[in-house]
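In this document, chain identifiers A, B, C, D and E correspond to the written order of the chains, with residue numbering beginning at 1 in each.
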Amino acid sequence: MSAHLLYAFGGVVLCGMGLGGFILLSHLLRKLLAFNIMGSGIFLILVGLAQHGGGAEPGMDPVPQALVLTGIVVAVSATALALVLIRRYYYLTGQTVLESSAESGRRNNDDDPGSRKDGAL
Amino acid sequence: MSLPSLLPLFALLTSLVASVVIFSLPEKSYRLQTTVNLVAALLKMGLVAFMAWGVFHDTEYRIGFTVMPGVEFLLKADALSMIFAGLSAVLWFLTTLYAVGYLEHSPNRSRFFGFFSLCVASTMGIALAGNLFTFFLFYEMLTLSTYPLIVHRGTAQALRAGRTYIFYTLTGGAVLLLGVAWMHGLAGGLEFGQAGQLGETDPALWDSLRIVFVILIAGLGVKAALFPLHGWLPQAMVAPAPVSALLHAVAVVKAGAFGIVRVVFDLYGTEFTHELGLLEPLGWLAAFTILFGSVRALMQSDLKRRLAYSTISQISYIILGLTLLGPIGTAGGLVHLLHQGMMKITLFFCAGNYAETLGVHRIDELDGAGRRMPGTSVAFTIGAFGMIGAPPLAGFITKWTLGTGALAADMGWVIGVLLISSLLNAAYFLPIIHRLWFRKAPNAWPEEQSWGRFETKALLLWPPVVTAVITVLFGLLAAMQFSPLSWAELIASKEFWS
Amino acid sequence: MKAWFATFVVLAVCVAFTGLLAVTVWDIAQTPALVQLPAMVAEKLSESGVKNPVTAVLLNFRSYDTLLEIGVLVIAAMTGISMARTPTLEDPELRTSNELLFALQRWFVPLMLMVAGYLLWAGSDRPGGAFQAGAVLAAAGVLMRLGARPMNFLRPGILLRLGLVLGFAVFLVVALASAFAGEAFLDYPEGWTKVLIVTIEAVLTLSIGMVLLALFVAGPVNEYGEEDDPV
Amino acid sequence: MMALFPPLVLASVLLPLLFPLLALRPDWARLMTYALPLLPLPALFVAIFSTPGWELELPALLMGSVWQMDELRQLFLLLTAGLWTTAGCFAIGYMGPEHLRRFCVCWGFTLAGNLGLIMAGDIASFYSFFALMTFAAYGLVVHEGTDNSRRAGRVYITMGMLGEMAMLAGFIMVAQQAGSLLMADIPAAIVNADNQDLIVTLLVAGFGVKAGLPLLHFWLPLAHPVAPTPASAVLSGAMIKAGLLGWLLVLPLGELASPGAGSTLALFGAVAGLGAAVVGVCQRDPKAVLAYSSISQMGLMTIMTGVALSDPQRAPVLLPVIALYALHHGFAKGVLFLSTAVALPSGRWARGLVWLLIALPGLSLAGLPFTSGALAKLASKEALASEGLGFAWAGHLSMVSTAISVATLLLVLRFLYVLPAKVKTGGRPNVLWLGWSAATATSLVLFWVMPWQVDGLVKAPVWLPSGAKLWQLSWPLLTGLAIGLVAGRLVSRAPAIPQGDGVVVLELLAGSVKKGAGGVARLGTRLGSGGMAARLMLHTRAAIGLWADEQERHLRHRTVLVMVVIVLILTWL
Amino acid sequence: MTTWLMAGLLFTPLAWAAITLLLSFRNGRWVSWLGMLVQVLVSVGVWLLVVDRGEFYHGLGGWDAPLGIELRVDGLAIIFVLLTATVATACGWHAGMYLDSDKPWQKHFWPLFWFLWAALNSVWLSGDLFNLYVGLEVITLTAVGLVAVGGQADALRAALRYLLVALVGSMAYLLGVALVYGEFGVLSLAVVRELQAENGVGMTLPLALMLGGLAVKSALFPMHGWLPPAHGVAKSPVSGLMSGLVVKASFYIAARLWLELGHEAGSLALAQVLGVLGSAAVVWGSWLALRQKKLKQVVAYSSVAQIGYLFLLFPLTLSVSEAVSLQAQQGVTLQVVSHALAKGAMFLAAGNLILSVRSGEVDALAGVGRFLPFSLFSFGLAGVSLMGLPPSGGFAAKWLLLQASLASGQWWWALVLLAGGLLSALYVFRIYQASFVQDSDLDEFYHPPRSLELVPMILALLALGLGLVVDPMLTLLGRPFGEGSVP
């Protein structure tokens, strides 16, 4: 078992954790973090698994690295976008979860003066 | 592509184009709409007449193209399609006239006439469909184009009726689609017009063919209002009178019946159907429907409802005729296609006149209407007697031909059905006639309108009168060369020539 | 009780999934990959114009991926800006008068700019490149923003958008221009490869920095009022 | 005498058939009434002047029509046209202003049917005209619009429909057997048919409704009295004979010895002849008495038909006799009906004369010497001789016919007894008188002009009967008179039997059936619409809907979990 | 020429995105309309090229697979490219007039729109697993952006839900790609297929992961929860794009994967499970569509149902004869195309209706037929295709799928198809019915411009007429789903 594979297994564990977190946590920021953990796990698997090489070429594989770089940019963009959306969502509704408002009916913004106060999360 | 082969397409397009034009015209240009409608109707009549003449002289009109691999869209004019096409062409013209009168000053006319034309285009397509696939195409188009007509008034009752209608017919359509697709898988896209093509199939397929037959009939039976599938028809009578007239006489109900004719007659072939052991059960079902419809009609107190149940009963005569193995019975069934259309449309026109002119909807409100509206009432009387089967009207020719056909096919029980049904017909029509002519009119009608010098608007009066006259002529001149009966006999003889 | 059970189920599922994933990874790791791409990369590296194989893959072999990736950034930024209704970046509520912050700004911002430049340059033969450099740039911007330094170019106006799109546009223009030169798309002309790639990296750095900064400043303030659109 | 003249033949049917078109102008109502006696004239002309044996082919009509004429038809045509002419004349004076157009329309159609069916040579046109007559006559029956007339109309049309249906079934079967639609082919086809009995039964029953065959007669004593008098006259005089004509045309008389069917028919005839008399004398309404008398008389003709059916040898002889009898009865009965509406003149002598003239046709019915009745009676006596008949009670036929004569006289007496109560005194329009007189005259004169030479049946000159024959004719008369007088003395009031006798039972039956059906229908509606099932379905639907909404909410929050589970499942599979 | 056409497909939209980013909504509109024209011309050009030259592979940047990214230009891809050109043009055209140009945030519509188009084209053409991932992400983010534009609370909630779920879906897909890369060391789908066929390597988990992730993004029941809010809350032209094209992209990848790799890596049970889920989607989506009170929610749930049909591809192409498989592929392709056209028409028409009555409720439609018959009619015609009634494309699709299911002996899918048609009729007619109600005295309807009404009509007519030109279209498909040889 090479060190690369260790990375891969680390990625597997991160991935599982991220997944569990994503499902179980309802706060949007935590969800987003869980997603990032999951993403990191996957990037680790991508890089780590690809390096097992089998001895033919000891050098590292540049392709998965490039892929992961691209993946990271995409993930960062998505995260950033999600953050903007979450902030605005919180600003408008005062909620940090998606579920509750659907259950308790739509809340009118004006009824909720507290929500407008703290713009930052 | 020669001109003659384009004729079926033209016949189809006349109303299709009319429909598009009417849709695109603004609501205000009513006169223009009417003109378009009538010109198209006349044009179509001319085309159909020309084609009928050609078909009689063995010209073949067909046009088609491949839609999907192995699936063809085919329009074609043969003797059988001419029956239906002719009926719809003539009745479209009359019904349009009637509708123009009926809907004067009412809202949404452009929508109404647009869908009306679309409905007739579908009917024409059904008539001219050259294979099951094409038939199905127009069959479903008909479903859709009639829905807006049924709910035209937009009342709660109309909407409910529309819902029921669409539920029934679309379910029927789905079932039919299953049958059509299955049939396609089994035997490919068979063209109509060669009787008993399935007879040569591998007997191993026969079980499947039986199932497909049942599925097809079940699908078509919804529109044809065969017994357990008839529930939508009585409700659909809330539609405006011209729609009911068209629905019951030409379009929907007839389309179902015509489809069954095509399936039994052109696809399976009567003899092969018999061989599969499917003909008799179908006959029983038809017979039961005949009696059932009549008994239910007897219980109705609303005029149009009674007429609707009467349709259920009458349509099954066509199917019953098909199941009589032999040329005479078949001819009887086919000829009823036309006869029933003519008689029923007369009755619905009249019912519409009573409703529109006097505000009368229930049968017990009709007392003495004959004196107030003699023309309408005469037409109604003729139509009703035709339904009863009183000679020399059209209905008599049907019953007579069916009766002799039944005997020829050794199905004597059919005569019993015919007789009982006639008695029931009499039982629910004669009281109406009695009320019309021999009861004292009330002091005031529910909602009386007066128009011009006739008993009602001229456009409302003449269509039923004309159809009533045709009803008489169909019976009286049945022996003539181009009468429905001779035409039906011609077709039937082709089916059984071998 | 019920919540506990649900949590248990989720955990069980996740554990199962992780286990399955691990088993699969293990399985895959037992046999070498059927195709050895690194060999090919090494073979073609000389044609790519850069020395670092990763950069070669990113900006040459799979440059289309990278183009789209930049597109993703632009999209995110754009959406972020569309949420931002701030007329100015000087959000009074965010202004701090922390001395330490000022001091940090004074010291760190120039340093960060330099680091960014280095990272960009290093990208051609060592790990590093536009994204890293851009991220550092953005961090500098955040620092300035927290100190409420006026950054007029970051107003959500045409300049901001121009900055956002610059890297992307240049990348695209190069792609198109390469085709004018008679080659296939994104097929850099002989000899120009290095120059072009560095140019692209440079503008990309700028754009990425602006994108990240713009996403940071995209605030939720809404000056237009809520309208309940039925659509 | 002349050969076929198609326009005239066509006109004889088309004139009354198209006559109703005049009704399109409301103000022509009176004019139409005046045209009534003219309508049958072309037919009368044809009946009198055309030589029997012609055929007129109308291939385009129906399923290929043929109209034809033979001796039998000629006699019936003569009767029909003649009676309708006189009745039409009478109607001018009789009819009031109410619903005049409607009456004339029905009159025209009924007449057209009645004339047409006589000349029709093929099944389709025969049946068409027959149906036309049946349905149009409904209008005549219910014309007065009273409750009684409506009830009569209902019974009439019900029985009429039943008859039409039986007839249609019989016709279809026989046409199928014959492979032809000609009336002339029917008897032969029946002879060859497998289901001979069924066909004969259907046809006999079908026509029997019109001919007043017992159990099918219920409509007759109801309908004939309530119709306007001229209509009663033609109903009882002419239309009732259409049924008889039907029998004569379709039954295999002379071609088949069918003692079973024949005797049954004769038995029915006998029952009609005597039973109707019993019920008839218990009536108070003179027209009802006459109606029952018609049934009774038709009974006699039915017997003769039955005999003809059972003995083919005798059929050629019997046919003309029946026809003659029909002719005689038709005119006599017609005039008797008309008599119920004449108003007696105020002068004593005149009144006496009128009474005499009223009585004469009646007595003629009973066989008074030197009347047509006498001739008919004699001829029938001869025809009913028992030898050669294959059924058990053939020997009693002659006695039965005598009994019917006696019964007839009793009925006539009863008629004359109840008539004065109804007859009014005072002026009546001249045309009415004219019609009545013409009818009476025809009835009386008929004896002298009747074509007795038919097939050398009755030896001429029969109008000078021998003494024995005179006695033969007279003793039933005298007996009847005696019984009548005695009965009249003994029983001041005859027991009342409701008009239409058995129909009362049937109506009760029908009423309860209707009530039951209504109940069933109501029950069905209740079950169908607001029933448990519907409610249950509605609830189920709503419940499923809420459940679905709930699940949808859950699903929305568990998308990722579900995805993982699905991935696991897919992998595991 | 080929190069230029490829560039036209992939890069012109990107260029337009960059340009419109700098313009206001109004100016962007004119530029975009011009761009649409260009795109349509280019798409047609590529089509003619394929007709002329046949299917081919095109290595981007001069690098062929496995090193570079390779485009696969085959009949199926061309159909999707043309479809995209049609639907996107229609939605863009409509949006240019429909969206309120006074709202400042609308200027972001055009760049997002163009990015979406670029990414869609890239997904249709790409033969590289990772490039597909990037394409998917671009699509996801643009779609989220388009939904969120305007920033209302409802829109944000929907967009967030959509974003999070879609990201996890993408991650699942990426994990699958990672495993595939670990196994094979390449990313080109064609090469993977070949290697797999040669070596017979089992790769169930990667396939399951990729399919699972893509199923989430295609809103397969029961993972559809994000779709109705997102499609319902977006502006109508956006909803049209989303329902018509966006969800199809992920399904398209799933279908490609399945047809390339499914024979080796898939199992009968797996295919049946996907088929069952699709069937459940049909029933569930239709049922819920019937219960919605808002017009656009009805249409959105209808998408859930209609997407269910697509997943019948999986059972109907595994272990069946070549002919049946072909029929199923053709059927599903038709379903995609006709649904895209019809749903586009439906959303646009719904937008017009809502604009006219100023309410999104179904019940508010009473009497609208009198004032907006054209839009209502378009809605109706589109409904015809959704119901699968002839002569629409939906019908042709249903017909082919029916034939396939009957011929393969899997008759239960036939029942699903038929039942699905009926269920869709229920909710479509519910809308018609509402519009036929006559009691409304409301005569104040806003009448949108005619050209706004024309767009959905054209789309609806295309959906309706599609059934009549199926044959030429299927000829173009020729050997659908990449029967072409590896270069």
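Points worth noting:
One rule holds for everything that comes next: a contact is a pair of C-beta atoms (placed from the backbone, for glycine too) under 8 Å apart; a residue touches a chain by one contact, two chains touch by 3 or more.
This one's a predicted model, so the numbers in the text were calculated from it and none came from an experiment.
Contact with both chain B and chain D is made by E.
Least step count on the touch graph, chain B to chain E: 1. Farthest chain from chain E (centres taken as the mean of C-alpha atoms): D.
Averaging Cα atoms per chain gives one point for each, and the point farthest from that of chain A is the centre of D. Between C-D and A-E, more C-beta contact pairs are found at A-E. A separation of 99 Å divides the Cα centre of chain A from that of chain D. Centre-to-centre, using mean CA coordinates, chain A is 16 Å away from chain C.
Averaging Cα coordinates per chain places chain C and chain E 29 Å apart.
Between the CA-based centres of chain A and chain B the separation comes to 66 Å, rounded to the whole angstrom. Residues of chain A found to touch two or more other chains are 8, 15, 19, 22-23, 45, 49-50, 52, 61, 63, 67, 70, 74, 77-78, 81, 85, 88, 92, 98, 102, 109. Among the residues of chain D, those in touch with two or more other chains are 556-558, 560-561, 564, 567-568, 571.
Within chain C, the positions touching two or more other chains are listed as 10, 13-14, 17, 20-21, 25, 28-29, 31, 33, 36-37, 41, 62, 65, 69, 72, 75-76, 79, 83, 222, 226. Annotation, chain-chain contacts: A-C, A-D, A-E, B-D, B-E, C-D, C-E, D-E (touch as defined at the top). Taken together, the chain B residues at the contact with chain D in this complex read 299, 370, 374, 385, 389-392, 396-397, 399-400, 403-404, 407-408, 415, 419, 422-423, 426, 430, 434, 437-440, 475-480, 485. Against chain E, in their complex, chain B makes its touches with residues 23, 27, 65-69, 71, 73, 107-108, 110-111, 136-138, 140-141, 143-144, 147-148, 151-155, 158-159, 162-163, 166-167, 170-171, 173-175, 177-178, 181-182, 184-185. Of all the residues in chain D, the ones that touch chain A in their complex are 553, 556-558, 560-561, 564.
The part of chain E that touches chain D in the complex is made up of residues 161, 165, 168-169, 172, 204-205, 207-209, 211-213, 215-216, 222-226, 229, 267, 269-270, 273-274, 277, 284, 287-288, 291. On the side of chain D, the complex with chain C involves touching residues 561, 564-565, 567-568, 571.
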